[in-house]
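Here the chain labels run A, B and C in written order, and each chain numbers its own residues starting at 1.
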Amino acid sequence: MILEKTQTHQRVIEQISVLNAKVDFMNDTALSNALTYLEEKGIPNNKNEEYKYCNIDSILKTDFKNIQQQFNTVSTINNLRLNDCLTLVVVNGNFSEKLSDKLVLKGVKLFSFNSLENSGKQLLTAAAKSNSDSFIALNTAFSGIGFHLKILKNEQTQIPIQILYINSASAESFVNPRNIIELEENSSATIIEHYINIGTHKVFTNFVSEKYLAQNSNLKSYTLQNETSLGYGVYTNQVKVNKHANYQNTTVTLSGRLVRNNHQVILSEDNCEASLFGLFKTSNNQLVDNHTLIDHQKPNCQSNELYKGIIGDKSTGVFNGKIFVRKDAQKTNAYQSSKNVLLSDEGCINTKPQLEIFADDVKCSHGTSTGKIDENALFYLNARGLGKESAKKLLLSAFANEVIDKIEVDSLKEIIESQII
Amino acid sequence: MITIKNLHASVEGKEILRGINLEVKAGEVHAIMGPNGSGKSTLSNVLAGREDYEVTAGEVIFNGKNLLELSPEDRAREGLFLAFQYPVEIPGVSNINFLKTALNEIRAYHGKNEITAKDFLALVKEKQKLVELDGKLANRSVNEGFSGGEKKRNEIFQMAMLEPTLSILDETDSGLDIDALKIVANGVNTLKNKNNAYIVITHYQRLLDYIVPDFVHILYNGKIVQSGGKELALELEAKGYDEIKKQF
Amino acid sequence: MSNEIIQEHINKDYEWGFITNVESETFAPGLNENVIGALSKKKNEPEWMLEFRLKAFRHWQTLSQPSHWANFPYPKVDFQATSYYSAPKKKPELKSLDDVDPEIRKTFEKLGISLEEQKRLSGVKSNIAVDAVFDSVSVKTTFRETLSEKGIIFCSFSEAIQEHPELIKKYMGMVVPYTDNFYAALNAAVFSDGSFCYIPKGVRCPMELSTYFRINTGGTGQFERTLIVADENSYVSYLEGCTAPQRDENQLHAAVVEIIAYKNAEVKYSTVQNWYPGDKNGKGGVYNFVTKRGLCIEDNSKISWTQVETGSAITWKYPSVILKGNNSVGEFYSVAVTNNYQEADTGTKMIHIGKNTRSTIISKGISAGFSNNSYRGLVQMRKGATNARNFSQCDSLLMGDKCGAHTFPYIEIKDKTAVVEHEATTSKIGEDQLFYCKQRGIDTEKAIALIVNGYCKEILNKLPMEFAVEAQKLLAVSLEGSVG
């Protein structure tokens, strides 16, 4: 396939590099790989199979004509804090030590990108290769000052850690937050990544997170996206799961003009497990595109995926879930399901559940269904005296609950329950 | 008919059978009883030739041939039939088609012509009655959507169709209610004659009320620890397996 | 256990690999406007036909050859090294069966295609009208008189151009325009023959219509076109079979099939594709790049594709239905088997435009050896396709650990009342199933055939009887030496 490359990337690079200092925590090879890759591939448009339903090139052309990188200062986060968590704060793409809680948890370490240990430097760009995707490349070249969060060996962290990404721009801006989350052997943690926008202007968030799960570790990760109609973003998670480790993520998208999630999980050793759950509710002219890849590289691994979408108004929902089962990955058990409800005449849902299987002793299945609200159920509720709207709400929350029930952090669950329907 | 000498077998490196000796003659019914994990199913699988089981020592002579050297299908063609504990479902393949293929393969092995469609259907009709199997089941896919009892009756129906010389009934009674049990037993009793033999593997004595064995063997820890007549089964039922476990 | 069993069994050779010794007239390889002119002249075509070809050719020249499709890169085809016309040398016009070259008749007889009307296909008593295409040209259409009594036109495409120009002009390219894709453009420029079928209003075609395609001459491409028009309230069932001799070099087959169904009309199109798949090492074989599409143009029409694909080195094929008329129905039933180094990328597109349109997709892929088998499909619910429904089921069966099975379903929904369900599973033949069969005296090879046929039963049941029997045998043969 010949990809028509446009010049968008050059303009974006020019505009965002005005204020950005050189990112000296990245090594030079990664930087030059990133820039070479960008020059070669540009920003993907809908001719690129992976961005078929998500033409970011065109969105950058129309909605980010003039990126000025002007931000407001953020001085308090009180009402955004989840009460049962410790909170780390990233403002306009950079880690803010001042607004963050002190991580007093035993066995948890935090290093700013400016003071990375050697081991942290090794991990940076190890999972998110700067020459694998244009947005990873762009982030690598212009990465904000992020952090490396490390859970030490044998530590079972009891208190969830909330990472709050706050954007507040006073003119069109583009931020590149980034982090590394590392679980050492036999450790466990719960992490919530929470994105919000409190500014007056559009912000494009190009987020990259590298997550490393060492042997026998267990990470419960939650993503809550609520960046309002001024928020645009590509959110990349590159997750590497080691032997007997277990990764679980639940991504809930409440708002955002453009939300593109690239969630890639590599099951790199035997007997590991990954679960990806997602819930998105779209309205107005939103575009929410969930791309997941679970790469079964070794035998006896399990994966389980469930994504649910509720699509309203003129919005578009996309689910593209790929399951890769490599030659060696015998006895793989992979299950994927995507269910959607289309509420409006103008809305649109595109799904592409994809299986690519190169091993024979596997059990893989995927299912997807899209439909309207069950008229019979609606009628039944009406007949029992519920009004049209409340009956509809009841049915939609029942639909959403299958995902919401996966959330084990109460404060987070409450926010989502109160806002989703 | 079959002579088993010092048979040792293991699964994934773990020894399950530790020296089985057994002789079954034509016209006889042998019951093998034993607690869970004693090696009952392993014995039936080894005799039928399942590849997951490794025979580490011993020999089995079946109708004058070295059974262990034969492929599973040749064992079947030589007249060994295993009524599976868990009959397998084969979607899309009708019972009739399956049996016709099997029957003709066995006939071909013995140098006989293919059975005509007419004769085959007549045979099906006759044998179906034996196990009171609904005619519709014959046209359904092999075991697919069958109830537990239907599956077991289907096994006996297949046995009736293929007319083996040695039949091994691997816990055919498990999961059957008393009516189904009687039907199955009645089928076996009707098919029994002086030229064939049965090895009935079971955990419980109750099947043996209906299929009366000439010999009862108690299998424990991969060995036959006690043999006797049909009264042994009753004795065992009264004492329970714990007694055996204590004893050996 | 799988691998050992695979190794244990010997490959059965391609049975249809014979070459017919018949003197043929073949163009020198190469493609330019002169060649197209010569081809058109050879076929005594009217001016408008030549213009159509040239337009298509000029468009084709602006396109670049798709170098790979998803997983599968393939060596580029040298279009200048292919010959675009090969015809058995024959008398200018065939008046009766006796005029058909006896060698060709023998070929078709070997294939089980009786050209003699009295003898029925494969000796089974049946009623099938056959249009046999040998290399590039149609050699004989049977049962024409019987059909014409009902007003049914069934003839070679060349004849249709001469005898029914108004119909050809109206319908050719209506569903698959020459601008559609690279190979459709190439076909439009150089197609040599094919079949044309028109069922008039209110007529239920009394017999199965069939085209049998055979590539014989080496280094030739086969580019045939099939056009089926079913007028209001008519019905036709159409069969297509394909074989080719064994050759080391790859041969190109780039066909176009168009179907148009009017109000209340129903067309059933069945294919058993068994082009030469190449040898055990992946040498040779046919590249089968085909564009097949049906248009349910008016209300209550129905188009159904059933295919059993066992041949070709590479197959790209997506028989599709555009559901324009309200209440129209599209169906796709497919079995695709790949073995050795074969690659099949096949599926369907169901484009729902009209209200209450329905589509069903059932695809069964079986991969063995080193092959790759992909299902690629699109279900599109356009706005206004009120209450449209689709159900898709894609199952893959793997034999051995060196093959791949892939599923790429695209689902695009723009109507809130539409309901779409898609399910896919991947599994292998259960060892338990094999052992059960063996314990009943059935050997591995037969057990595989039994299980695979059972797995494909839903699809095989959709085929006309004679074809179903042939397809069953073909499945067994294609998988011999590959089981596990």
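In this section, a residue touches a chain if its C-beta (ideal position, glycine included) is under 8 Å from a C-beta of that chain, and two chains touch if they have at least 3 such contacts.
Because the structure is a prediction, the values reported are computed rather than measured.
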From chain A, the most remote chain by mean C-alpha position: B
Taking all protein C-alpha atoms shown, work out their mean, then name the chain whose own C-alpha mean is nearest to it. C
Note: chain C sits from chain B at a C-alpha centroid distance in Å of 48
Take the average of all CA coordinates in chain A, do the same for chain C, and state the distance between these two points in whole angstrom. 43
Chain centre separation (chain A, chain B; CA means) in Å: 57
Which residues of chain A are in contact with two or more other chains? none
Chain C touches which residues of chain B in the complex? 48-51, 71-73, 75-77, 81-82, 84, 87-93, 97-99, 101-103, 105-106, 109, 141, 158, 162
Quick check on the complex: what are the chain C residues that touch chain B? 1, 430-433, 435-444, 446, 450-451, 453-458
Mind pulling up the chain C residues that touch chain A in the complex? 2, 64, 71, 383, 396, 398-428, 484
Chain A residues touching chain C - in the complex, by the definition given at the top: 2, 327, 330, 340, 342-372
